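Got a structure for you, questions after.
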């Protein structure tokens, strides 16, 4: 058991089934504050399921997880977002018909308070908050490097920009843990390099990052520690170099997806 | 409303709104001022539904039920039915509050349903309310059944009644004119509230839910509460306009709250342009005025063309109305005056996926 | 006991009609994801055509059996043409439009059909000229007549034919493919537009039969008859799980039973406070309850969150 101060997210024997299919079986792992933690595994290994469990989209069937000193077994997505877990989606889920700026402003929802009364009267506090929301949203656009696109509709952005916008939107919720589901998918080499730099910048800003990725090179070059899932089970965990040499991992990749990615 | 940005434009627009009932009266007669009053009521109603359907994207087919709740609250507390004559400033807010309560009551268990299921559940709710209003006359007479409640108190503030005529400086002002101003004030209030909400944290959350509920909840929006808020706001507006309706008509019966009425209000929202206050106002005006025009035209036009009235003018007018609905939707599927957002949504050609879909569909046309 | 049996019989008969109409809603929804609001009016038009043709043929001294068959065929033909046209005019141009646009045109079509019928056949109730004497039979204290028996049997026959059509024929396979994934089906060479047209025509043919049945059962036809019937049938389709054929049938029969049992016993249950005039409320209460407890309907699949 890692002390609370050091451990941010800890999964204890998490299990999840869909009908007869076991998507996650008895998965335990812990993520330390301030690290970039990678989650890899062949297709269908249960990575996205694990993601959906810790972000509240799925309810787990057994086990529990601790986040920032709080235990969760059943929880709604918005409460986990409140607690400090923000995510992006494997298939980008931006608010396609809102501008980039508006997307991030929606991300600020959680950390702002104006209700009906404030919206109607636009009293001083409400106006100040709205100004602050716009300012923060612009800052975040700049932070991820798409400040020129603030008036553009999300769906008109390029693929790489959409990925960045989704990250900016997640950052707007002021997360402790940023969970990214295959952020480099579909990116070209240049975009991937830029993404890597962005993630390092985010970590340097004190945010812990959980990363699912197919691009093993990116994972190995970026992550402090890596866990490998296969058929819903954790088969390895450790620093990238260790994991890379793990016979179980090599077997899983060679047997699983047939490629020598690891 | 966006059209009148400049202060002189605003001033002119306000002046037009103020003299409008007298202009209508002079040109078209009293009856049309009454129609204008109804148009304002329906605009209020449509703006309420616009919050639910246009902003939050929740399809509500039983919206008229909240109108009914407001109307019957007013009718029961301000008529000889129970011998109660509570003042308007108590009954109107009370009606709005009760309608809001009904909205929450209906919304709480059902808002997790997918769109089309929500539509049918709200439709069922609307029918349930109507059937109860129709039948709650036995064994205890509450609503007076299909006969409805009549002799409802006029809208009144202190001793000033909107249901009477007054002479000021030799200038005669009738009940239809007074109601016009009262309803105009309420409509402007509802417009103000809509616009303010639209451009706020809450309004953005509504649109986010409409666009992608999963993403919205992952960003920390409590989707259930925010949807419930939209439902409650819509119901409140419905309740207020219902109370005004009862006081204006002096008579309510279940017939005024049929599914067709819900559908009409929905048509106003969709036809005008969902999510855009200006569009909804336009839709409300058109759907009140058009059928009236057809009503007045259907008989005489036949008379003039073929010398006698062959077709029942009432059906003919509804027939034309139905065709107008179809044609307008085919011509402008996003509504006559869509919000910029909805317009973008419909400009689907920029989405590659959509384009592929279209080609697939069109291949055999 | 007799009352119970009688209400069950009535419920089954009414439920068979609901099921036939519900199938039309569910087939269209399954393929287009669209509530065909005008479907109830198609039922009404079917009934009107059947009545008019039957009247004419009987006046022309045709044998009753032939007259009934021909009028039913005429009603089916007209309704199929109507269903086809509705789809072509009001739905197809809006296939990529915002979701609510086709709903509004559907409402428009519904208004047009209703008022067209009012112009042609007037506002009055018409007697349905069924040329048989429907004998009543005693069945354990309850009464059931020939028409009612015929309704249930014909409904069963039609529904099994439909199931055969959808599950065993080429066209049926195409329909299922389109409802699963239109784009993929089209890429596999399925003519989507043809499949959709056929679906509308099939549903409308069923509606015509249902219209004939209702009118024969109650003996009257009216321009407004399609509205409530359509609403109930749609409710039945949702109850069973919309998009699911078996669900529509189950939902239809179940709704018929619930209504007739509810209407028969509501007085006893509420101690006379609510009477059988609340019959219509039942349908909706049950619907709301089912959807809250089982949001996808009785036989509906749990739809995964669509990305």
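As written, the chain order gives the labels A, B and C, with residue 1 at the start of each chain.
Please note the rule applied: a residue touches a chain if its C-beta (ideal position, glycine included) is under 8 Å from a C-beta of that chain, and two chains touch if they have at least 3 such contacts.
A quick note: this is a predicted structure, and the numbers were derived from the prediction, not measured.
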Greatest Cα-centroid separation from chain C: which chain?
A
Looking only at C-beta pairs in contact, point me to the busier pair out of A-B and B-C.
B-C
The distance between the C-alpha centres of chain A and chain C, rounded to whole Å, is 49
Chain A and chain B have mean C-alpha positions lying a whole-number Å distance apart equal to 43
Taking each chain's centre as its mean C-alpha position, how far apart are chain B and chain C in Å?
31
Enumerate the residues of chain C that touch no fewer than two other chains.
305
Numbers and ranges of chain A residues touching at least 2 other chains
57, 89, 93
Give the residues of chain B that touch two or more other chains, as numbers and ranges in rising order.
214, 342, 345
In their shared complex, chain B is touched by residues of chain C numbered 29, 33, 35, 89-90, 92-105, 107-112, 114-116, 118-119, 123, 182-183, 186-187, 191-194, 231, 234-235, 238, 242, 272-275, 277-278, 280-281, 283-285, 287-288, 291-292, 295, 303, 305
Inside the complex, what are the residues of chain B that reach chain C?
53, 59, 109-110, 112-117, 119-121, 123-125, 127-128, 131-132, 134-135, 138-139, 214, 259, 263, 266-267, 270-271, 274, 311-312, 315-316, 318-319, 321-326, 329-330, 333-334, 342, 345-346, 348, 354, 356-358, 360-361, 363-365
Interface residues, chain A side, partner chain B - complex:
55-57, 76-78, 81-82, 86-87, 89, 93-98, 102, 105-110, 112, 114-116, 118-120, 122, 126, 129-130, 133, 153, 155-156, 169-170, 172-173
Partner chain A, residues of chain B touching it in the complex
193, 196-197, 200-205, 207-208, 211-212, 214-223, 229, 233, 341-342, 344-345, 350-351
